[in-house]
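So that you can tell them apart, the chains are marked A, B, C and D in the order they are listed, and the count of residues begins at 1 in each.
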Amino acid sequence: MDCETRRRAEGGIEDVQSLGDERRLAIESVGISGLRHPIEVRDRDTVQSTIATVRLAVELPAERRGTHMSRFIGLLMEQRDPLSATVLPTFMAGMAARLEAHGGEARFDFPWFVEKHAPVSELASFLDYDVSLSARLAGGECTVATEVAVPVTSLCPCSKKISRYGAHNQRSRIRVQVENAEEFALGELIALIEAQASAPLYGMLKREDEKFLTERAYDNPKFAEDTVRDVALACKRDGRFGTFRIEAENFESIHNHSAFALITGRCDRQGAA
Amino acid sequence: MDCETRRRAEGGIEDVQSLGDERRLAIESVGISGLRHPIEVRDRDTVQSTIATVRLAVELPAERRGTHMSRFIGLLMEQRDPLSATVLPTFMAGMAARLEAHGGEARFDFPWFVEKHAPVSELASFLDYDVSLSARLAGGECTVATEVAVPVTSLCPCSKKISRYGAHNQRSRIRVQVENAEEFALGELIALIEAQASAPLYGMLKREDEKFLTERAYDNPKFAEDTVRDVALACKRDGRFGTFRIEAENFESIHNHSAFALITGRCDRQGAA
Amino acid sequence: MDCETRRRAEGGIEDVQSLGDERRLAIESVGISGLRHPIEVRDRDTVQSTIATVRLAVELPAERRGTHMSRFIGLLMEQRDPLSATVLPTFMAGMAARLEAHGGEARFDFPWFVEKHAPVSELASFLDYDVSLSARLAGGECTVATEVAVPVTSLCPCSKKISRYGAHNQRSRIRVQVENAEEFALGELIALIEAQASAPLYGMLKREDEKFLTERAYDNPKFAEDTVRDVALACKRDGRFGTFRIEAENFESIHNHSAFALITGRCDRQGAA
Amino acid sequence: MDCETRRRAEGGIEDVQSLGDERRLAIESVGISGLRHPIEVRDRDTVQSTIATVRLAVELPAERRGTHMSRFIGLLMEQRDPLSATVLPTFMAGMAARLEAHGGEARFDFPWFVEKHAPVSELASFLDYDVSLSARLAGGECTVATEVAVPVTSLCPCSKKISRYGAHNQRSRIRVQVENAEEFALGELIALIEAQASAPLYGMLKREDEKFLTERAYDNPKFAEDTVRDVALACKRDGRFGTFRIEAENFESIHNHSAFALITGRCDRQGAA
């Protein structure tokens, strides 16, 4: 809406943000961050209510002094459809129109819960994963990315090999970000990642489950280097994940720092990594 | 259930935790922490779905080597009723029974959203508050506490008084914990706190609202000391809040550190502070 | 200094904080928090430069409206002697005098580095520990507390017992706070704590060290319950640590949450726990 | 050193990391993160002791299974010269040689203290800034970056304009990262940034200083958009800062979220932004 309408709409109070700007510098990104907001996320046929930390921003042309921050909140308050990688392009188009901008970025970080069944007792409990849905609109193109952070067990191959018994292991976090992926369920990517770890985690385990997972981890020792390579190969085999960025961080149980490995690539059907 | 039953229930695997202990030291608190779990919270007639960080623990007698951590998760998975200060005593009794303990503690920290209407435009948006519900069971007595952290604006009386124009102000956080309170709605305590601040916060504001709040804050300068005293007086006037602990932290806009004030007291009908 | 002097000292600008207050509510604690400040800490014969997060506060009588926050910073800027449990009472007396208060609290949280030698290769590297020095002055009495957080390895006795091979282990943090202790070196308390863990941590390990520690952890399985009891017994045997509070938190490698245990007690020469 | 020497050096224990790898995937970055380490940083003629959080990593060729994490720590333990943008290329070359790698990355995040004098009283106190020194070695080229995070006061031009009195203001953080810059002192970049803010921050202020800064902020209202543009122009005028990335985040005092703006560019002598 033009300034006049806005002035009327807001009771004759001057609109400082809409003033011109002499500095001749366009701004790449201007908006809000650190906003907590309840959202719904659609994953295939299911919808989950969760709480996101939101970052929304638009490009600002050189001749405009400022953007209208309140419109980002208005956009969120009016959002009816559950969010998903599929609806983000529509969300971005609406944001650009609402903010009178040609480009922008959005990022929603939220916990995502999966009800898992313990490997032997099959008892059900939730496990929490940090998931991010993000998008960038630039030059008419909208790029959507999904990131999942999967906590797992990693067991050190070197420690196992050189020790008479035992092997140090620890909690690790595997972050996988995929861009321009074909449609997939969050649970599918999470399961793919967990299958490559020394062992997956569960909220609730009985002793028979603990025995199973202890032995599974000992049978599947992995360095952070192994983990990212194996997850990369699994992504390539699956083929739906576009370009990917995989980082494994081991919260070493013998050190007070982490060991990490990072690999990027793309799914084969889009060409070699 | 006794060890034998447990051994059968868990497929003949030895139950190390149930072994005796020779160290003759009782443990005050043993359990789980840092667990993220989706919960429902009842506030008067409304129920809100949110995500809690949970800490659950029990006392462990000197003669028992360990507790059974998985039961805490089982308890949460089976919890059907929305949580509230009112149901916590029942939850605690169930936890003590399930863990074969005489006492214990529980704490649920979660974000709580209130839909607020801007002071002039009356536009609706959410504001997020950190809320904690906690309880301690000891000697057959269950003490329940509710804590709310309310973000507000604080404006410095000294800065206003000594400056020819303007006054430094900033975001502040007022934490109020009440113990043994009579029943109240979270929104009532939040509103009571916000009424004592230089100005309340909102997710979305139009210019006429920003004008209103800027002037309101300037008209209500408060030191952290003023804030905690005024909130304490408001709690005493209300009378339902049992014993209270009030802390105001100002994220000073002229410093890179905070100024804070802390006061404790009790509502008059329970005697002078 | 009295208001008149202060008014002169500050160029005739009114001193709002020194005004009277009608609310008849004394404030337990008012001051600054979240201040990062470079400090020196003395430990026996050594002095280490580190960076503290500081919280300083005083009591405020009912008839005073506010305190003078800038004096806390002045106090820190003028502090010449390295801090230690021994000098804190003098620091507190100076703070009370400077702020015209009868009581107050101080807390310095800082990383502390110890150069450790790997168990077999004896290679030297640093390990970082979070240490807190705190004090409370009330009714003429000054109580000093020291807290150390020691990262260690914990290996699960249940997992070891029930599994054919391996045992889940993870990084854990053991926090020990001692109050009214006799003089001791930080390194002594840290070593006492590490001796009770499944295994200690190091910054740098060669393979022969990793083998040694993997086997040591497997030979010393401990639940969080075992850890706090064993540290408590070690404190009692030592006898210098006054009253203690010991908490062990295991960042479980098979879960995405922690298991913890907490015990409090006092050293025998002050009577049974 | 080759595997044979290593095997001897480490007592005949097999070196699992040095084994070959069949997965034919090179790893971009493998190393350590989250390591706290005491460091010295040189800034022009001064050297300051501080505590860094360190991330060090190297590229791993497809045919190598793993890297040797302990060497990163060895490198830090042996580092004698204070760190600075000037010495980082030497550090990187040494790291690549030590880890038998062609490329790698290093990042040191640390607090940096500047003794500032209050604007009127001229009293001295420290202000803390988060600084990062980082470098990337790739294809024989070493790129060095310096980032400073400067806390300041921002005062809202809209709030000032539309309100009869007062204006909301808050603490803000301006992050500036410069790459391929000519030599400069941290204090120079910090001063350049603070000069563009509504007002700078200080650790200790007397009332005459508070008056001065309150009025200065009111006289210099800036949106986040204004701040990043003005800092960008100042960097261009200075000319030494190579390519820059400037982000201003305002911790809004009327909201519970932030407003931010981000701009990138390069100094004129290297061509228009």
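Brief remarks follow.
Just so it is clear, a residue touches a chain if its C-beta (ideal position, glycine included) is under 8 Å from a C-beta of that chain, and two chains touch if they have at least 3 such contacts.
Just so you know, these numbers come straight off a predicted model, no measurement behind them.
Taken together, chain C and chain D share the touching chains A, B.
The geometric centre of chain B is 36 Å away from that of chain D, both derived from CA atoms.
Chain A and chain B have centres, each the mean of its CA atoms, that are 29 Å apart.
Distance between chain B and chain C, defined via averaged C-alpha coordinates, is recorded as 25 Å. Residues of chain A found to touch two or more other chains are 13, 35-36, 128, 158, 162, 203, 205, 207, 211, 256-257.
Shown here, the protein chains touch in all possible pairs. Of all residues in chain C, only 13-14, 16-17, 21, 23, 25-36, 57, 60, 65-67, 69, 157-158, 161-162, 223-226, 228-230, 232-233, 249, 256-265, 273 touch chain B in the complex they form. Of all residues in chain B, those touching chain D in their complex are 127-128, 151, 153, 155-156, 158-159, 162-171, 199, 201-203, 205, 207, 210-211, 213-215, 217-218, 251-257. Chain B meets chain A in the complex at residues 10-11, 13, 15, 35-38, 49-51, 70, 73-74, 77, 111, 113, 121, 123-126, 128, 203-208, 211.
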